[in-house]
Amino acid sequence: MKIKPTYALLIIDMINDLEFSSGVQLLPHALDAAEKITVLKKEVKALDIPVIYVNDNYGKWQSDFRYLVDHCLQEEVRGKPLANMLQPDESDYFILKPKYSGFYATPLELLLEHLNINTLILTGVTGDMCVQFTANDAYMRNFGLMIPSDCVASHTHHINQQSLHTMKEVVKADISPSSLLLEKLKKNT
Amino acid sequence: MKIKPTYALLIIDMINDLEFSSGVQLLPHALDAAEKITVLKKEVKALDIPVIYVNDNYGKWQSDFRYLVDHCLQEEVRGKPLANMLQPDESDYFILKPKYSGFYATPLELLLEHLNINTLILTGVTGDMCVQFTANDAYMRNFGLMIPSDCVASHTHHINQQSLHTMKEVVKADISPSSLLLEKLKKNT
Amino acid sequence: MKIKPTYALLIIDMINDLEFSSGVQLLPHALDAAEKITVLKKEVKALDIPVIYVNDNYGKWQSDFRYLVDHCLQEEVRGKPLANMLQPDESDYFILKPKYSGFYATPLELLLEHLNINTLILTGVTGDMCVQFTANDAYMRNFGLMIPSDCVASHTHHINQQSLHTMKEVVKADISPSSLLLEKLKKNT
Amino acid sequence: MKIKPTYALLIIDMINDLEFSSGVQLLPHALDAAEKITVLKKEVKALDIPVIYVNDNYGKWQSDFRYLVDHCLQEEVRGKPLANMLQPDESDYFILKPKYSGFYATPLELLLEHLNINTLILTGVTGDMCVQFTANDAYMRNFGLMIPSDCVASHTHHINQQSLHTMKEVVKADISPSSLLLEKLKKNT
């Protein structure tokens, strides 16, 4: 018996002021990914696929996700254009994570169970850190993985490509670019 | 070597609209506890003990803690007087929990590690459910426990007393009332 | 849609040398429970219900479960008659737990998922500690619970009755005695 | 204040019959690593560093670690020479893991806490899977990492080198070969 895939789109660490030293380097790559994620988000919502912001709390244990969004939108921070493009809707979900993996010490697994999801579409930054740590934990929990190559960014193109390659090999992710992934989703949902 | 106790005050499920059938029954007990917790909170903050709201998300996965506070303060809900008394300060921490225990599928353990806490002061509702589930999980993680008897409420006085008795016996909690507990804290901090 | 219950029998901490001060007090209660569990185990195995020994590692991190069994069978320890009655078969599963709950820091949840179980039959010692901690964790993970009253033991009859009452009320356990439970199982499997 | 490092040697998945299709390919690499781990193990034990076998249960939920050892030693399996070289001593610890990471659904974290360890020496197979998944989880839990390059093996030399490089970059592992690592340990313990 083949189980019908049920999807969620995860947007990892894109609500991000990028106010750290290597943020300058990451910004252009993150902007490219943000554009693609913006389109992908709109399209998957039309297919009734839930969107979950999985975001670092940046050690601000007294802050909400909405506060992080406001901080990135209203202050002159490096990551402002990312937050502008990727403003969460009221219907979007969010998980604040204290460490790299979206699953570690968070309710993400319970939320996915609650939404009856078995396949994750991972997007965001950075490919070699939070995306990969989240992908590994998802794989151990038997989730199928789609990681559209143009929706993930890292500090260099080389590191990003290497991470994508690793995730294809190790956690069997489908790394087709978002346009191709959307075609597949439209067939399957 | 005796390890010096380091404390955090946990306020469990007191940001609560009580808009469920047994909420009428719970309200008077919760109000009594809220008064005591309000005093305790003020006093422990003077001792630089951090305060952590550990609160149910009530299945509202798209909501922040601040939203829950606003909902309880601004709408005519049964639990409004609780939220009024126990409004969180900007310096307070919060953890949204999806289930009964504050430790299950949340970052509570990491937050306590980050704050370097080894002893928890548990308060809130209800004694036999979320307080006890949290107490059990704290005990397995080697936290010392103080559960001031007048700062915990349940649907009946009898159930509350029984829960306190169980927590004294099983997880070795100090269930002295809050006035006595404060004396001990003032000696130890 | 009602989901068909699928059962596993958990035998908690019955492979136990009882070589601790209160072991004398626990022994007669544990023996009574062991007799009932022995019968229950035989009957549920005939119904193809898997049996899982969920057992403390007693701080012996270098030992296997089989070693614990041998220790209890071959040395003149207080808990020898328990191990004699409840010798594990080759087809039985086991989980060594480092703390009170069978779910904490163990693969129990994955094993139950692997076996496709949604309802647990909890038995063993002690009602107020490891059985109750395991019951709470099972309840948070949405397992149905059957805790046959004559298959659980504690240091006193009173504490045992209180624990059973609490588990009936708090985690909605069916605490019918084993004979009645077997009738229900035979109808449902 | 600098915290003094306290070490444990983890030997990952080396008790392994290699009776899977790619086992032929892995064997020579695993043998090379096994020789180096054998020497390293002997030397660290002389320094009173605990040794922990972190081993897959291979889906055999009814088996002990000792059973796995016997299976690899006494049957004519491909991985027999590995088990021969790396036979566990009575004083060694072991953790059976159901998935790739040694931390997922196991008591490993509690054992390390019990032993008061803050720095892990990771060895074994395969570099890109179980070693890397374990390294990631260790990093999120703030363990320091030493992953001696000649004590880790993968299906190809290229994949192994890439994994080591990734672990050096992402989880800040010291990947000096075992001879150099031993010099450092001797200075620090």
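The chains carry the letters A, B, C and D, assigned in the order they are written, with residues numbered from 1 in each.
Operating definition for what follows: a contact is a pair of C-beta atoms (placed from the backbone, for glycine too) under 8 Å apart; a residue touches a chain by one contact, two chains touch by 3 or more.
Labels paired with UniProt names: A, B, C, D = Isochorismatase family protein YecD.
Predicted model, so just to flag it, every value in this text is computed and none were measured.
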**Asked** Going by the stated contact rule, which chains contact chain A and chain C alike?
**Response** B, D
**Message:** Taking each chain's centre as the mean of its CA atoms, which one is most distant from chain D?
**Reply:** B
**Asked** So how far apart, in whole Å, are chain A and chain D when each is placed at the average of its C-alpha atoms?
**Response** 31
**Fill in**
Rounded to the nearest Å, the gap separating the Cα centres of chain B and chain D is 42
**Prompt:** chain C: which residues touch two or more other chains?
**Reply:** 99
**Prompt:** Every pair of chains that touch: which are they?
**Reply:** A-B, A-D, B-C, C-D
**Complete:** In their shared complex, chain D is touched by residues of chain C numbered 57, 61-62, 64-67, 90-94, 96-99, 105-107, 109-111, 114
**Asked** In the complex formed with chain D, which residues of chain A make contact?
**Response** 99-101, 104, 128-129, 132-133, 136-137, 139-140, 162, 166, 169-170
